[in-house]
Each structure stands twice: as C-alpha cells, then as structure tokens.
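Remarks on the structure that follows.
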Amino acid sequence: MTDTVQTAVIGVTGYAGAELARLLLHHPRLKGKPPVFAGRLDEKEAARGGTPLIEIHPHLGGNNGASGLRMEPFTWELLTRWNVDVLFLATPHEQSRAWAPAALERGMRVIDLSGAWRLTEAANRAVYAFEDDGSAQAVATQAKAVYGMPELYRSQIAGAELIANPGCYPTSVILALKPLVAAGLLDLGAGIIADSKSGVSGAGKAPTAKTHFMYAADNLSAYGVFSHRHTGEMLEQIGLAAGQLVFTPHLLPIPRGILSTIYVRFHEAQTRQSIAKIYQEFFAGSPMVRIYEKTLPQIQYVVRTNYNDIGFQLDASGRRAVIVSCLDNLLKGAAGQAVQNMNVVLGWGESEGLE
Amino acid sequence: MTDTVQTAVIGVTGYAGAELARLLLHHPRLKGKPPVFAGRLDEKEAARGGTPLIEIHPHLGGNNGASGLRMEPFTWELLTRWNVDVLFLATPHEQSRAWAPAALERGMRVIDLSGAWRLTEAANRAVYAFEDDGSAQAVATQAKAVYGMPELYRSQIAGAELIANPGCYPTSVILALKPLVAAGLLDLGAGIIADSKSGVSGAGKAPTAKTHFMYAADNLSAYGVFSHRHTGEMLEQIGLAAGQLVFTPHLLPIPRGILSTIYVRFHEAQTRQSIAKIYQEFFAGSPMVRIYEKTLPQIQYVVRTNYNDIGFQLDASGRRAVIVSCLDNLLKGAAGQAVQNMNVVLGWGESEGLE
Amino acid sequence: MTDTVQTAVIGVTGYAGAELARLLLHHPRLKGKPPVFAGRLDEKEAARGGTPLIEIHPHLGGNNGASGLRMEPFTWELLTRWNVDVLFLATPHEQSRAWAPAALERGMRVIDLSGAWRLTEAANRAVYAFEDDGSAQAVATQAKAVYGMPELYRSQIAGAELIANPGCYPTSVILALKPLVAAGLLDLGAGIIADSKSGVSGAGKAPTAKTHFMYAADNLSAYGVFSHRHTGEMLEQIGLAAGQLVFTPHLLPIPRGILSTIYVRFHEAQTRQSIAKIYQEFFAGSPMVRIYEKTLPQIQYVVRTNYNDIGFQLDASGRRAVIVSCLDNLLKGAAGQAVQNMNVVLGWGESEGLE
Amino acid sequence: MTDTVQTAVIGVTGYAGAELARLLLHHPRLKGKPPVFAGRLDEKEAARGGTPLIEIHPHLGGNNGASGLRMEPFTWELLTRWNVDVLFLATPHEQSRAWAPAALERGMRVIDLSGAWRLTEAANRAVYAFEDDGSAQAVATQAKAVYGMPELYRSQIAGAELIANPGCYPTSVILALKPLVAAGLLDLGAGIIADSKSGVSGAGKAPTAKTHFMYAADNLSAYGVFSHRHTGEMLEQIGLAAGQLVFTPHLLPIPRGILSTIYVRFHEAQTRQSIAKIYQEFFAGSPMVRIYEKTLPQIQYVVRTNYNDIGFQLDASGRRAVIVSCLDNLLKGAAGQAVQNMNVVLGWGESEGLE
C-alpha cells in the first residue's frame, strides 16, 4: 500500500496544521506523493486557494520541495479525483462533525484532530454542544471512531476508518495515569489532582487578548478551573468517575510544551522500583513514551519531539506520588500523534517520520 | 495653581493610557483631585462608561484609591463641569486632530500623545494623510503646538496650550543626536544610521498577527525599512535633510523598552572626554537624561523609569562613534514624558511624580 | 522616633538586597537618613567596600540620590558608630545565624530575610543543618524571633527585636490557607496540594546551570519534590502535621513572580460567598492582601507590588476548591515584606513606602 | 567512501557540540557508524569519560540509538584504533591550535569550529593572542586551512584536509555582502554598518553573569563595540580594509538565532530587480541560502534550520540599501555549516542530513 498512499490536510493554516504539513512532507513513506493542503472551509480561507504554502508558513520554505506547494481551493470532487487515502482534519470541532462522515462516505480514512469524535458519553460531550448530537449519522460515525492513542488502543487503531486524535492536555495526563489505574494501585477515593501548564500555541493562532504577547509574557495564569472541556476526555480514558479528578490548566509564557504535575495516593506503599516496573511493562513496545527512573522530565527535553516523557517521585511513606508528564502540545499533543496514528493505521513503523 | 489642577485622560484603555493613569494617581501634586478617565471614543469604548478602571487594568488595583475610579461616559459637558485644566489625549491620530482644537476652544491645556501635531512640514505629515491638513483650524492649531521634549524646548513648553508629546523612537534618537548636531560635530553628508529595537508594547494593545505571542516570542524582525513614519519627526527635530538619516525599527521579544544603536561620523577626531563634555553640558539641568561616560546603557537599566540613558564608544581614529540610547517606550517614550511636560507647563519640578 | 531611624542592609548585592535598597531609598519616613549598605561578608564582597551602589545595581542610578551611595567595608564598629537602629540581613542562612545575635547584643533590631530563625521545631530545622542548633545562644535568639507575617502576627511584630522574614513560597501558601484552617473548614485528612511556580529571581543571583538563560527560557521544571525546605515553614505556620501538605515548586521562565495553585477539600459544602467572607474577615485591616471574589489573580497583577492576591474557585459540589495565590517573590516574598515588618515594628503605617 | 566514514566530535558538551551530535546521529550517510564523542580535554571533562550522552544532553535521548552512546575518555590511540576519518573540533581556540595539527598528522580530516584557523592575516589574529602564532607548525597548518563557507569556497573545500568553520556573526554578514562587493556595486568609502543581534546560546554554556536569565531576559545590550574579534574574519572574507566596516553585536533575549541589519551605499542607483539578480546568480547552486525578493526574513524563519536567509530594501533613490541576513547561530552559524562542509569534503550532497 505504501507507494500509493495519498494524504491531504484540511486546516493547514493553524499551528497543528503547519506541523502536520512539515511532518508529512518529510515522511519517508510519502515521498513520492506530496500531500494536498487546504485551509479551513470558511469563506476567507476558501479565497486562499492558490496561496503558496510558504506564504502562510514561511519556515516550511526550502523543505524538500514545499516551496512548490499551494493551498488548494477545496472541493470533495478534487479530493476524490486525487484519490486521497488518508484525510487529516485540523479543523474546528463543528466542521469535523460534518466533514468526517462526508469523507468516510467517500471511502477515505479520517484522522480528526478536533474534539468532535473523542467522547463516548453524552454527558461529557455536552460541553461541546454539538448540534447534531444524537442524530443517526452522528451515532453511526461515533461508533466507528477509535480514540487515537496507540499506547492504549494500538490494535483497534490498526485498520480503523476514523481516528479521534486525543487532546493535548489529556495525552499527558492519560499516559501518566492509565498504567497505575490499570494496575489497581490508586486510591481513587482520595482524588487525583492534575495541575497542567501549557505554552501559548495551545491557545490557537487567532490573535486574542490572551494570546497577545503583553498578556502572556512574564505571566502565568490559571483558567478553566473545574470546567475545562478536556476533563471528560481524561475521565473516560482513564476510567474515572466525575469528581475523582481535578484538572487545572495554566497558560505558560513559552511557545510550546505541556508539563502536567499529577498528585496521586496509593492503596499500599510503593517503591521507586515497583512504580518504574509498572510503567516499563505498560509501555513496552511503545516507542514514543520515555520513562525516567531517576530524575524528572522537563519541557525542554520534549519540545520538537513526539515523545511523552514521564517521571515520578514518591514520598517517604511510599503512599503518595507526584508524577511529572511532559510533551510537545503540537506534536505528541496533536500533529505528531496524528502521524503516529496514520503509521499504525497503515501498518507502518509506529515512529516513522517522527524522529 | 497647584491645588486646583484637574486632569483627565481620554484613551485610558491602551498601554500608554494605563501608564498615565498610574502616574497621575500617584503624582504628589494631584493628590486632592483624582484624574478623570475615559476610553477612546468609538462606540465600543463609549459603552464602557462606568467600567471600573481596575477591570481594564487590574494591576492598578489597590494603588491609592484607584479601586474606586471608573471609566466615564465622555461628553464635553462633563469635562467642562469638572473644570478640567489639563487634558491628556492618548487617542488615535485622527481623533487627536479633531479633539485637540475642541479642547483648546474650551480653555483646557492639551497634552497629545499621538502623532497629530508633532510635524511642522507638510511633506513629513503626508504619511499620516490627515483629512483636515491645510484647513484653517489645523493650521491655527499647529501654530500653537510645542514639541514636547523639555530637554530641547523647556521654555516654550512652560505655559504652552498644546503639547505634541514626542514619539517613542524619536525621543531615543533625537536626544542622542541633537547635542552633537548642535555642536556642529557631525559629518552629515556621511549619513547617520539609527538601528532601533522596541518591545512589543510599542505595537499597541490590539491583538494582531504581529502582537501574537507566537509571532513575537523567540523572534526578531525589522519593519518599516525606509518608510517608518517616525522618520520625519527625527529629521525635523534634529535638523536633518531627507536622506541624511536611515532609521530601521525592529520588534524585540520583550514587553517594553527601546534601544537605539546610532552610527555617526565626525568632521574631526573626537575623544571620549570631548563627547562626554558635549552631552553633559547639553543636558545640564535635564534630570531625566543620564550620560554614561564609561559603559553602555541597556534596556534593563531604564525599564519602568522615565530616564533616557545615553552612552557611546569611539573607534580608534576618533572619527566614528556608536551611540547607544535607551528608554522605556511607555514612560520617557510616552506617558512619562507627558507627565514631565505637564510638570513643565505648570511650573512644577520637572521630575515630580516620575521617580 | 521617625526622624532618628537609621537603617542598614547587609547583603545588598543580591536581588532581595537590591529591592531593599530601592525601597529604603524611597521610603517617606527615611528620607533624612539614607541607609547604609554592605555586601555579603566573604572575602570577595569585603573587597567591594567602596564600590558605588549603582555599579552593582545600575537600575538604582538616579533614584533620589542613590548615585552617591557606596558599599561600605563592613565592621560592627561602623554600624555602632552610625547608630544603626534597624539592621536588615539579606545574607545566607549560616551568616544570619551568627550575625543576628551579634546585632541584637549591640541593641539593633534585626529583620532577617534568610531561613535562619523561621522555624521553631527542630525536626523542621534539620534541612538547614545549622551547626549551632541547640546551643544556648541559638535557643535564646530563637525565643526572641517573631515570624514576620503581619497578617498573622501584627501585634507580636510591633516592638519585636528579631523578625524572621518569611520565605517567598510560604508567604503565598500560608496566606491562602491560614484563614480556612483557622475557620476549621478544611478536611486536613484529605490532604492539601500546593503546586507553586516561581520566576528565576527566586533561584538567586549566582550564575549556575539552572539560572542560565538556555536552561530556564522556554522551559518549565519541577524540583525539590517532597523535599523542599520551605515545607516545614508552611506546616508550622498553617498548623499542619507532616504529610498533610504536599508542596511542589516549579521554575518558571520569567524574571519574578510566584503563583501557587492550591487544592483543598472542605468538611461541608461551601459557597463562593461563604469563602469570600472568611477571607475578607481574616484580612480586614491587612492592606497588602487583595481578595478576588469573581476572577482569579495572575502573576502580572502582582509583579512589582507588595500585594499578595488570592482568588478561588469551588467545584459544583462546594466540597472542593482550587485557590490561586500570587505575589512578587522579591517584594511580598522578600524585601517588600521586610519593609512591611519594619513599618509594623516601628509603629508606622503598614504599607508606607510600599505603594 | 560512504560506508566507511567514521566521525568523531571533541567538545560534545557545549551547545554546538550537542547540535553536531544530533546532526551526525541522524545523517543518512553515517547510519552504519555512530560517531564517537568526547568532551573538552580539561581534567573535569576527561573525568566524564563514560558519561552517557543523554545525561549531558537529555533532549538527545531516544533519537536513533543515542541512548546507548557514551562520552569516551579521549586518547589519540583510541581515535586511531577507531579509524576516525573526519574529526570535528568543537573546542576552545587554544585547544584547536594544538589539536588540529596532531589530527592532521594522524591522517584525519579536521573540521574545526573554533577561531583557531580562520584568519590569514597576523594583524587580525592578534585579538586571539595565540601563543604559537608564527611557529613553523602553525604556519604550515594555516596553509592547509580552507575557510569553510561552501558558498564561497566550494571547490577548495572538496578534498581539503583542514576546514576552518566560520564564525556565527561572520557567516550572516559575509553571505549578505560578498555578492555585492564581488559585483563591484558598493561604495566602500562610505562605509558599511553591520548591526547584529544574537541569541544567548552564542554566549556559550558556561554560567556567567551575562548568561544568567535575570540579565538576558527582558533586556537588550550592545557589546564589543569596535572591538569584537569576529570583525577581522569579515574584513578578510569580504575583502575590506580596516575601517570600512563597523560591526556591533547585541545580546538578544532569545535562545538562538542571529539577525544582522546591514547598511550599504551603491556607486550607482540600483533596483530591486538588479540586486535580486546579483544574489540569485551568486547563490545559484547554493542550497542553503534563500533570497527574499519581496519581504524580509526574520529569526523565526531560520531557527532550527541550516539556512541563511537574505532580504533587502532599497531607498527611493536606489543608492542605499538595508540588507537583513538571518541564520541559526548553532546551525548555519556552527554545527550545521560544519556538517555542510563535511558533505562537500566527502563529495556528498551539500545539504544531506541538514533538512
């Protein structure tokens, strides 16, 4: 299948779209067929058809022929004519709700980077207020969706039609907690705290009061306390009841990177060795997770990589731990994980094009 | 006059307006009469009448009673009723063109922070494309305007009705060059280069692609090469012909501060002592300019002060010099210099409320 | 007493020392008598006697005559001769252990910014490994020490001989938690999490691998997990048993500011109003604490102020809360609080010289 | 030759060394033979023999097997036994003076990143004060050295034994000016100004007062005015006499990247087209230089690439131009250019392993 795969990206104008473009242009399995790019499908973006990719993202210039690529004036006919096999949607949630079914119908595989198809429980989806929620089409599409975290669902992703690529914060928190919950070690009644900090690219490319340099620089602020919409995603994937996890995001004065500091209690005393073993076994065969057995990861170790780094520290009693989990929000937290999913879907090496 | 002075600020929502508010609230001569504040006079701002000042600028909270102040729904009647003596316009150029005459007519003194009244030559004003340029009212108003740089025009400012507060870049360049030009030392035919770098607050509070954290952080960019509208202001005040000065501004990834690196040639060889003497004599009696005789100033030395720091280095021949001139673009480059002008206008100590 | 108070600062070369110098030079009650400054008393610093203060801290230049001040080559005789009333020690812990008693003996009041005299329990002091711990002099000196947090110990501070100025992290955490603990609201068995983030000035002026721009910029890292020496100070002052509080500090890529995100559980459901009332009543009469009833504070609101801002958010059940507490680590977290303590000791207005 | 090339890096602990390690580990032509690494050869570094590479540079972990590599306790015997073909010296100038001849003697090709062998004129070398300057060995070694800028000396570099890899600032300035000087367009008598700004990685990994976050952040400072040792390198390579170029470096508050703003005068009026043509023709066949014909490059466009981007703007008369030249100081300004040189030396594609 390798030499016939044609990819396309809708929504290439944003930060995640730019990272996707960069990764796909360099992917060793896609060299013969450059991906096709289109902007978000509102009027303004549509008018951009024909815009050279390097005008929108000048840093892509000179990279293996990106200089010749242009934004295409999107139509479904074009995608069909180009025989697109894998369609990446780096689009707003509402657009992904409408477009994923349309693409599936045309026989494409879809990797959706939005929150449109991540949540299986209606209560958790409520924060998105999808207009089509509960419709026959939405129910059928949701049934096809696989949560795109290879470390948890590798076998289901292989061959899936629709991948719901995880959120950036949830990736860092789920990968840190799932092994401990799966092993039954955590005292869930005591509650889990996930105190997360993210760089500004996580807030999107639209210029707003909060993405203004004067607001973000030399500052730190908490937001979405007890109300951030990524919470439901964490609960579902880790397997927690509402109220068992408190998640607080903060806006860091850096371009990219997430660090989550996570506080847990164990039923019984643990040791550094016992916890390291749990993680090592859980992530055996997962090339994109690195476990730190002695020190703690930092944002600078993961920026511009697709790794999720996890370290931890136990208190003297062995009953409490602080876990630190880091990733690059545009890579393992978005575009990198999307490519990782494509690799798994197509049976390629999971980290191809990601190192 | 001291205990009866009432000030007002129009355009308090921007960065310069916020600094003005802070300075006026703490000014020792204004303690009895808190200033009056209003936003810019477009519809959106007008609707803000009644908004507590600390909602717009939370960092002003707790400062000597700022917590009780509100944005007022502006009308000329209100200003008249409050007996405003000194009106600060931190407004867009076009608004200042209309409002300065209106305020002068009502007997207020005006300190305008925009570029509306800084330029005496029509050729230099052309970049602003003022619609009323050449009208009788505009000509009459311009005739009343004094360029608000106390180090050059202290006596004219004292008692003036309308002060055209200088631009941020021009302040740093004019103060560095005027003493040398006045002394006749510079070989103007050889040309002067002013390579200036400014923090992001200079780009204004409106969220734009260029003020987005992701654009400004970890970056440096030149802009307005050979075309920045501050050039004319420098030519007029230093006394240069077009083409004798090349000015290149750059956007620095810091909140505030300007550093201008200026390259000049002398007719004859100079010494460190001869140049230091020129500066010291020129700025004798100017409390807000500091001359460095041995080292060079840096942005960190002037941020959050009203000082303009000047240092220099000569080459081995004594025929060339590099001059470094620094200021805080929101203080000596805007609100601080406006307060300094108010002090001179009213006969108060020039640096009162500025240390 | 006002017009006869003479202050001195030992350890003026560091960041806290520089802030102290700035505050004391501008303090309205100290105008007649400029403070005396000396560096830390190791050989290198002693050699600095005579160094103008503005060579060490250029940003102090021009501030009300700081330009004439010099570092003095310290001896006790000099301090005695100058009749120093209040001695600030911005010195390393070990030096403060030796020097506070020496100064008390000579009749000076001492405000010590180090950790030397903050802890009353030997178990908590163990992390400092003071060589003189348990000696008669140390016991006697500790007995005189008052923990310098006016919001908790105003009456004890008034007239005290020795003030142990609080740590930066503890100030932000204690002020946020003490009112709730005092009111008996917290379920201490459930544990409290304090996830704190500090700017780089908190790491001191010594150039190290961790204060290198390349390490700190664009990064975030946790450190001292379960082992930071500020933990004991929090336990003692809040009134918690070991294990009831988990404290995790992080290094932020900003110059100054601390934000602590604190997670608590209540015995019974609370409301926004009930919690606001607790805070407002506790801090009535405390001018340097600001309570946010609707929004959350951010670092940018407190930087370069002596305020500690506190905001909070309750979950839907009213049984859990996230509290956000911010301060400037060099002001309310160090030099500002030291001046606040001096004001209380001497019976002056608590916020004089701090606004 | 491809499949037998063995590389080694001395001085892998610094920033340039780390970039070299990363590039060589990923170089498509070196996959069979991982490079050998050693630290700088002082006592402290030597003791580091055996240290895993990822302990020194954690961000290299997980990259194609870097995790197994260790710092070797260097001896010449080891290098000989490993049959090292190409030796990279990322060492201090003095060490490179001694070690380049030693390596050449043993039949290795040497690519030296220091300033040891860049300068042919004794007057320009004086700033380095090499102890061995003028010795027979130094003269013989210098005679073998080729200045490692493929855009200027591609044919001489092919097959050279010793490459003097250019300095970071000089690369940005020489590439911008050489085409114009070679075309005879510049009025050299009018003088050229190169106002350069560099990120902090250019100042090296040693923690110093100037690399402290608190010094560099939120700041900008000029240094080495009229005295920076990169000046001689520019004069020699561009072909200028002393005094025809003024070079002023500044320290930017960013991790990496250099932007040079260069001011020139032409003998005759030029057009955008005429200048673009000069550049395009000069750099035809040079894959690592990008010419901007409409806009200006920025640091963010070149960071983490090996490109040198050049743009320009003419004044209305066509007689003056401002040229903006950008690169990543650790890549095109150091390690990237070193790999580019290796590619040319060995007859490989010039940009292999650099995209």
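Labels A, B, C and D are assigned to the chains in the order they are written; within every chain, residues are numbered from 1.
As a working rule, a contact is a pair of C-beta atoms (placed from the backbone, for glycine too) under 8 Å apart; a residue touches a chain by one contact, two chains touch by 3 or more.
Since this is a predicted model, take the numbers as computed values, not measurements.
A count of contacting C-beta pairs for C-D and for A-C identifies A-C as the more extensively joined pair. Comparing the CA-atom centres of all chains against that of chain C, the greatest distance is found for D. The centroid of the Cα atoms in chain C and the matching centroid in chain D are 46 Å apart.
Averaged C-alpha coordinates put the centre of chain A at 37 Å from the centre of chain D. Chain A and chain C, compared by their mean Cα positions, are separated by 41 Å. Residue positions of chain A with contacts to 2 or more other chains are 215, 217-218, 253-255, 298, 300, 303. By the touch criterion given at the top, residues 15, 200-201, 205, 207-209, 211-218, 253-255 of chain D touch chain C in their complex. Within the complex formed with chain B, the chain D residues making contact are 190-191, 193, 195, 197, 215, 217-223, 225-226, 243, 246, 248, 250, 252-255, 257, 259, 261, 263, 265, 296, 298-300, 303, 313-317, 320, 322, 324. Those residues of chain B lying in contact with chain C across their complex are 26, 58-59, 61-64, 218, 287, 290, 298, 300-305, 307, 355.
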